[in-house]
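Look at the two complexes coming up: chain A is in both, with chain B in one and chain C in the other.
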Partner chain A sequence: MYDTEKLGTDVNQNDTKISARNVQVYYGDTHAIKDVNVDIGSKAVTAFIGPSGCGKSTFLRCINRMNDTIDVCRVEGDIKIDGEDIYDKRVDPVQLRAKVGMVFQKPNPFPKSIYDNIAYGPRIHGLAKNKAELDEIVEKSLRRGAIWNEVKDRLHAPGTGLSGGQQQRLCIARAVATEPEVLLMDEPCSALDPIATAQVEELIDELRDQFSVVIVTHSMQQAARVSQKTAFFHLGNLVEYGDTSQIFTNPKDERTESYITGRIG
Partner chain B sequence: MPLLWLCASVLAIAVVGFVFGRQRALSTAGGDIRSLHSLPNYYGWNVFMKATVPAFGLIVVWLIAQPLILQNSIAGMIPESEIKEGSNIGLVMAEVHRTATGLENAVAAGVISPALATDANADSAAVTAMLKESGQVVTSEISQSLLNAAQAFRAMNAKGNLWMTVLGLVVALAAGVFAAIQCTKDYKARNAVERGILMLLIAAASVAILTTIGIVLSLVFNTIEFFRLYPALDFFFSPEWAPSFSGRGGSSKLGILPLLWGTLYISIIALVVAVPIGLFAAIYLSEYATPRIRGIAKPMLEILAGIPTIVYGLFALLTIGPMLVSVFGQDGLGWMGGGRAVMTAGIAMGIMLIPFVSSLSDDIINAVPQAMRDGSYGLGATQSETIKQVVIPAALPGIVGAVLLAASRAIGETMIVVMGAGAAARLSLNPFEAMTTVTAKIVSQLTGDSDFASPEALVAFALGITLFVLTLALNVLALFIVRKYREQYE
Partner chain C sequence: MTDASLPNAGATPKSGSLHEIDARTKKRNAAEKRFRVYGVAAIATGIIFLIVLLFAILTNGLGAFHQTFISVPVYLDEAKLDKKGNRNIDDIKKVSTFGYNPLIQKAVLKAVEDAGIETPLTKSKNMKALVSASAAAQVRQAVIDNPALIGQTVEFRFLASSRVDGYLKGRVHREHLARDKNIDAEHLDIVDGLLPSGVVKKSFNPAFIFGADASESRAEQAGIGVSMIGSLFMMLVVLFLALPIGVAASIYLEEFAPKNRWTDLIEVNISNLAAVPSIVFGILGLAVFIQFMHLPQSAPLVGGLVLTLMTLPTIIISTRASLKAVPPSIRDAALGVGASKMQSVFHHVLPLAAPGILTGTIIGLAQALGETAPLLLIGMVGYIASNPPGGVVEGLMSPNSAMPAQIYEWAKRADPAYYERAWGGIIILLIFLISMNTLAVLLRRRFERRW
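Showing the complex of A and B:
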């Protein structure tokens, strides 16, 4: 709607990672996402904000085709990653998801050991030639997940035995272990306390060096802290998209202003 | 007064009490429901409950106690000479009982005058003739002492019944009036009724538990009796099962090993059939099937669970057996003598267990949180990788529990074995030979005219308790594993 097309093109085209054009999503008869156009930059953190039910999580799940697992969900329009249409018939959603990792709202470690949780992705994609290489990947991923020091002495303890914040960092390390290019995070801190949230936010900031991170959040402070770009969704529409500093200090759209000042949502 | 009328009268008193209690509570509150402690109906139910429960309790206790007391006092009246060779007091008492019932019916039919029926000096031969004439079942000539005993039995029974009626009604009335007096506006009728309901529920639960204890005790006592007649070591370790019923001569060999082996062998074959098929069906239904297919396939599969086991037995006997014989029998590989074999029963039992395994596993697989699957898909795993490496490991303890429950059903199964596996107790590794199981032998030891004092009949209890311990252990193990699994996600 409105001038989203123009806003989308404001982003520097040189390092666009994901580009979405005229994306529509339907859940059965419900039109959940209406005509969204957005370009997400590479090696940057992009935040999706908006009130509950505005479609930001749904849009996030379109980027790695997680919506395919929901029977009634239908996606229209183009989403391109590095210029390649991910909804093309030739694209295998399984391979796509290896390239576009995802971290969920609630920490969901598998009921396996910490080591096996991290090794899960590399094993199914055959990333390691031998045990030593796998050990290396696990250690590297846990270090990137900023949790290595806490778990290095108990790699074979069950992952479900960790605290909530540790579990979430474990899940981030698990997503990082498959060497994705894009990391999608669906409200990764909503189940965590402020200290764990701070640790995860710090981690997100570090991950920006290697990945394009897209994060859905309910907390506007969090969006302001961690992201370089922010997109505001409202009732299935992408209302405004731009630099985080601009969105929070000088929003162009009335609805964005109402939301960030607390008048709607 | 007949029992039915007595119960009806007590209920009538209770209904009157219900109405009266409700009215009284309302009138003490001046007709204003809001100033009552409880809703008016609670006052009614309070009276109803207090009128019926003690009265019915008394009647039940009386009905159980009266025959026992009568039995004892009448048994003392029968002279030692009346108990013939080869008979016992129980048989004589049965005759007394029959005669008393006969007299009762004859008086009711008008063949014998009430005076004659109670006359202690009545001619026993004449009475016998009259009883026979009126069509009452009397085995032989009734002796004088037996007739007297029967007359005394009848008199005491009538007296007992009268007292029961009177006391039952008095208790119902007294308790009803007492409860009605309680019904003032401040009485906590609601709490009293709640307590009554709690008692009812506790009583129901205790009946179930007490019955279990009773079953176990009856097994234990008869087993002790058996081991007094037959050495326990031979029972548990002798590899031969060859009971000889008294009369045919020779001593019995009652070793449990061949039966236990047959039980385990057939159960293992049943599980080998049921577990993979049931598990794969469950995985398909819970992970792959569309809601429409699931809606059709799951009830269809569960129909299998509703088929009586005797029908599976027929299926084993008429279909599976001949089919196996045509492949492995004399015309084929020559391994199989007849249609009845371990394999026949095992396959039929396996088919019986498929819905059991699949339905339980399906529930367990569905209980694995969607977040686990999302996590795995999000890492680029395919559906089968997700199931193999995340869903099944997460559900495994529950699946093991389901398999153990299925195993304990297989061990306890009788009908399929009787019809499909034959009756020969033997220790053999060939699955195409006829064998038999513990349950099938319990049936054959106890059916027909068996003397409950012989080891050949009592062995059934020892077999029963062995089986009980075995399945109990499996069930406890299964429950333990299932419970451990539950803790994982909560």
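Showing the complex of A and C:
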């Protein structure tokens, strides 16, 4: 079997943002993530690909400790962000999640106004001193989410009234409003039509300037289009990790090859 | 052409013609039709029962809202009411209601004479059976409130006695008078004679809605108002205890508690509690609140506590159901932007669940409002609440009754006039329940889930 430990360090990455060592995840007795080692670069888009049920989402959710909310879930090993262990006792997951934003598979705006959707995070983290500052954050976030022009005239309309693609960009804007450093996206385009998908992909490419983006996708074309690094998961193992171009043109592991050529998955 | 079609005509097609219905389909259709007929019949039966019930309630109960009154000018004789003539309020108060009765009877007799009614009842004492026993107290109160009335002739509107009222409502029949020692046929002749001039008149009686209960012999005076206040105080206790406790318990169980054997056990027990007969809560209340904690008997506070115990499971179950109905993606969204568990619950989940919680609470309150059995055991039945409470503390602590208990009490009394009042009380209780349930439906409609 491929030596994943070596894989992770193999990657020539000057500034590592997230580093995972010997991560194991169990759901009760199910061993969902098996000894994963990976270094995720800063200011880059990293894609997780792999067949359904291979543990992509599970691993992604380890990075902002969303798995804490699942009773039966147990995480072992080390995950460090900027060299700090996020599973350390001193870490408050709430604070961590402000630093590691997340966008979910299904667009899930709050059933509140567009403005309140964006303003919620900054409000609870005390990022704005007054209304003017909050307005500014809302505008900036909506611009980053590439949705400002579409909603600037109806900031107080409900966020749930937008189209699916708009809702997802709103959710991205909501995630960036708390000024995170890492942005996790779990199949953000799977509920969107091709046009909305293209818009979101374009947005992800722009977000790379400011954030470390980790995106789970079941679409290999999408991974190829938006990411610089790709990690291929299979049955809970991280099979192969490397530059996206290399993974897609010259995979080293035969399982990766079978997957990208459509033989497994 | 015919030749060509011959081979086909001989072979019967495997799957029959679509134009004729096969036996199997016919049977299925018949079964479906039968089922629909059963359904319609069931609903029709329900509606018929409902109509019969409503008809019975209205015909029996509407009478309670109308009462017969006798309006006569009463001469407030100074010689009887203030012998010393110096209008000293203490002296005036010394005259009991017995002192007033002759004046009232005289006034009624005068009205009878004025109307020119031929009657063997020529003594003022004979008029006693016509007027409610409450009349004397009414005049006395007026005099005490304003002693200047003494010596004048003042127009009063008295309640007629319940027999007179019953006669005008068709409840008291002349044929049965032989067995009734409260009234004679001659009295009824007088009533008939006084009707045209408007001295005896049936009109709307607000005292039934706002007044207090009365003794067995004064059915015409009894009202449901004071027990309504008793019910109101009980509902306040239930609302202020059951809502916060129920909602807090539900939020904890639904959002925070680990899923283990203990929480499973609690869950099962909550469902069981919802099915416990209310009288069990009544005896529990008697043992704990009255015998152990020495809270006053018949007090709305105790009633409210007992009903709180009874309503809690209902509120917890409906609150948990509405919390469960909030999609988990909302919780994820809140946690994802760094909200704490509690913030996610209070900022996002609870507002979305609120209409459901409110609906459940109102329905729980409506249930509690109509509950009678537990009140039997803590002494809220059979108590004659004669005065409305003076304040909140008194309202909670001093003995009172409650609407359903009052209705039960009236239904128990021998005088048929009370039977009518029991039905009237039911109308009022039903109006409360229907309004509460309508409010619940409206709230649910108004805040229909929007996500």
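To be clear about the criterion, the second predicted complex is superposed on the first by the 263 of 265 C-alpha atoms of A that agree within 3 Å, B and C clash if a C-alpha of one lies under 4 Å from a C-alpha of the other, contacts with A are read in each partner's own complex, and residues count from 1 in each chain.
The rule is short, and it goes like this: contacts are C-beta pairs under 8 Å (C-beta built on N, C-alpha and C of every residue); 3 or more make two chains touch, one makes a residue touch a chain.
Nothing here was measured: the structure is a model prediction, and the numbers come from that model.
After superposition onto chain A, the modelled positions of chain B and chain C overlap sterically. By the touch criterion stated above, A:V94 is placed in contact with chain B and with chain C alike. Of the two partner chains placed around the shared chain by superposition, neither chain B nor chain C is touched by A:G77. Taking chain A as the common frame, chain B overlaps chain C at a single listed stretch, which among 5-13, 95-103, 167-175 or 185-193 is 185-193.
Residues 64, 66, 69, 71, 94-98, 101-104, 106, 108-111, 120-121, 124-125, 160, 171, 174-175, 178 of chain A touch chain B in one complex and chain C in the other. Residue ranges of chain A in contact with chain B, taken from their complex: 64, 66, 69, 71, 94-99, 101-104, 106, 108-112, 120-121, 124-125, 160, 171, 174-175, 178. Every residue of chain C that touches chain A in the complex is listed here, in rising order: 258-259, 327, 329-341, 343, 347-348, 352, 450-451. Contacts from chain A toward chain C in the complex involve residues 64, 66, 69, 71, 94-98, 101-104, 106, 108-111, 120-121, 124-125, 158, 160, 171, 174-175, 177-178.
Interface of chain B with chain A (complex): residues 290, 369, 371-382, 385, 389-390, 393-394, 488.
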